[in-house]
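Take this structure, written in structure tokens, and hold onto it; I'll ask about it next.
Chain nomenclature is as follows: A, B and C, assigned in order of appearance, with residue numbering initiated at 1 for each chain independently.
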Amino acid sequence: MTLILFAFLALIALAGGLGVVLSRNPVHSALSLLLNFASIAVIYFLLHAQFLGVVQVIVYAGAIVVLFLFVVMLIGGNIGPYRHGSRTVTSVIAVGLAAAFLALVVWSVVQVLPMSATPVGAPDAGSVQAVGMALYTDYLVPFELASLLLLVGMLGGVVLARRYQPFAEDETQ
Amino acid sequence: MDLSSIDLRAIGAWFHGLLISSGMSQTGIHVIEALVGALLLLIFGLTLVIFLIWLERKLAGRIQDRLGPNRVGPYGLLQTVADALKLLTKEDVTPLDADRVPYNLAPGLAVFHVIMALAVIPFSNRVIGADINVGVLYLMAVGAIGSMAALMAGWASNNKYALIGGFRVVAQLLSYEIPLVLAMIIPVMVSGTMRMNGLAVAQGSIFGFGWFVWTLPLAFLIFFVASLAEGERAPFDLLEAESEIVAGYNIEYSGMKFAWFFLAFFMNSWVLAAIGTTIFFGGWQGPFVDQLPALGVIYFLGKTMILFFVQAWVRATFPRLRIDQMMSFCWKFLVPMALVLFAAVAIILKLNLPQPLEAITLLVANVAILLTGVTLLGRTQRKALYAPKRAFTPTIPRL
Amino acid sequence: MAIPLSWYLIVAAALFCIGFYGVLARRNAVAILMGVELMLNAVNINFLAFWRYVRPEEPLGQVFAIFVLAVAAAEAAVGLALIISIYRTRKTINIDNIDLLRG
């Protein structure tokens, strides 16, 4: 049962990923990204990480994909060649590198790990309490640094995306 | 018949026994029970909407000194059914230049996200789809999908009004999600649980006196205003402002697909009312609910209907805001106030006061923050009102 | 009944490679950012799988995954703001044409 579910979700995730990199329409890319993120969120639920599964949907589906869609629509979905046909050399190299990396990882995983590895205990460790306790005690400094990073990112986004105005607003008042 | 024997668990147990006697495996039974539960919720949601649409139209009619629907059936009760039949028989038009996949996916997604939200709402102590330990977060996650559906519809219709409507939806829903979430987190802090049923249980001390709306009135007010905006309701129905952008993101939809958006709209309002009931009004709690668990469903539905009524009341009464007013109200008033309240409640809870004192302190803090906020808002508004206005504003050359 | 750990790792690796291909082969700056997001997600699957199968008693893997989420959010915000400002000045988001610094 779990196996079927996992295989199904993995297939959807991979299909979504392929849709992101292969589709010609950027809006379709963003929607495939949404599909991919949603199926990954359910995979997190399978791993008993309910908190992260839900946060994945909130952050990725609720914010990041909307951001992508907004930018694509603002710029205009059809402006510029989204995927030129004539870039075969780079494409071939990229496919080769990606396939080589995948082969390497799969080979090493199969070599090193026994196929029958099972999860060990503690199904409740994915709860909000456990994660929150760890975040606010042992990992407080990294947590604050992450919040600082988000703040800087937010300011950077606002400053970069603002329209350049040589005349200050005060002069009109 | 003995009234106290009505126990909703009995039906579940009977069904479980039936499945076991048919000789199925444990997983099979589990899957079938989950599917039946989901189907029940779905049917409940969809039939409820028929009633809700009638109720809202009737209420709006009475409030605006009209009769409301009164032709089909007694008191016009079958009006919604007639409308649904009419929409079913209409031609299903897809614009030629529409982006087909998102265009057809969007109405489904819009209904889907509301139905998903029903899964964690406790109708009674036992009647709850899934009492997951991240219930409140789950509701936020599901709500995020709703703005996605509107954006998809707006984009895929290939219509400029629809696109503007879609952008407005995203701007509005994303902005008002922040005060909504902050207001929902405050009861979670007080009760120390994110389970929806846990929140309802935590408010059950003496009949009605344990409700969070008494100790956290400001949190409820913020939640209510934000839920009006999240439900795309009247003072905040900028996304379908007929006089500005015709009908918003669903302008190109006709027939059944339009009906789905319509359905999602009413369901969404009801679900927001249900969340408000569970978080602030004790959910299924009420007199004699311990002796007679089935009463919980009635209490819950009644309280939710009252909240829904208030939403419809506001919708029928107030005019529409301008979009810049709406956004600055959210970012300059609701969000700062919610943040201050959040910090104040956190500090009060850390003081570890004895129980009645803590509740009183929370109430005092809420009222104080509300009064300060409203006073400041009034002062700035008055200043803006009496500020000297220039007859002519020079245009600034923009590069 | 339980899913072997290696399956999670293989799925994550496949997603990572898809994102990797997207970053290398696409010319649209938005698509490249999407590829980066795919890669970050693949990393998150690995963190959670290792957490669940190797050290479930301490939520280190989840904490790391949360930091990855924060980084991804900041990266998307700044990256998209950069793309918008590039588009304003250059009227293109094709990375082959964004070569003002080329000597």
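Criterion: contacts are C-beta pairs under 8 Å (C-beta built on N, C-alpha and C of every residue); 3 or more make two chains touch, one makes a residue touch a chain.
Owing to the predicted nature of the structure, the values given are computational and were not obtained by experimental measurement.
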item: Chain whose mean Cα position lies farthest from chain A; value: B
item: Between A-C and A-B, the pair joined by more C-beta contacts; value: A-C
item: Euclidean distance of C-alpha centroids - chain B vs chain C, Å; value: 33
item: Chain A and chain B, separation of their C-alpha mean positions in angstrom; value: 28
item: Separation of mean Cα positions, chain C and chain A [Å, integer]; value: 5
item: For chain A, residues that touch 2 or more chains besides their own; value: 1, 51, 55, 63, 163-164
item: Residue ranges of chain A in contact with chain B within the complex; value: 1, 25, 27-28, 31, 34, 50-51, 54-55, 57-58, 61-63, 65-66, 69-70, 73, 77, 127-128, 163-167, 171-172
item: Footprint of chain A on chain B - complex, ascending; value: 27, 31, 99, 101-102, 132-134, 137-138, 140-145, 147-148, 151-152, 155, 163, 167, 170, 174, 177, 194, 393-394, 396-399
item: Contact footprint of chain C on chain A as seen in their complex; value: 1-3, 6, 10, 13-14, 17-18, 20-21, 26, 29-30, 33, 36-37, 40, 43-44, 46-49, 51-52, 55-56, 59-60, 63-64, 67-68, 71-72, 74-75, 79-84, 87, 90-91, 93-95, 97-99, 101-102, 105-106, 109-110, 113-122, 125-126, 130-131, 134-135, 139, 142, 146-147, 149-150, 152-154, 156-161, 163-164
item: Touching residues (chain side chain C, partner chain A) in the complex; value: 1-11, 13-22, 24-28, 30-31, 33-35, 37-38, 41, 44-45, 48-49, 51-54, 56-60, 62-63, 65-67, 69-78, 80-85, 87-88, 92-94
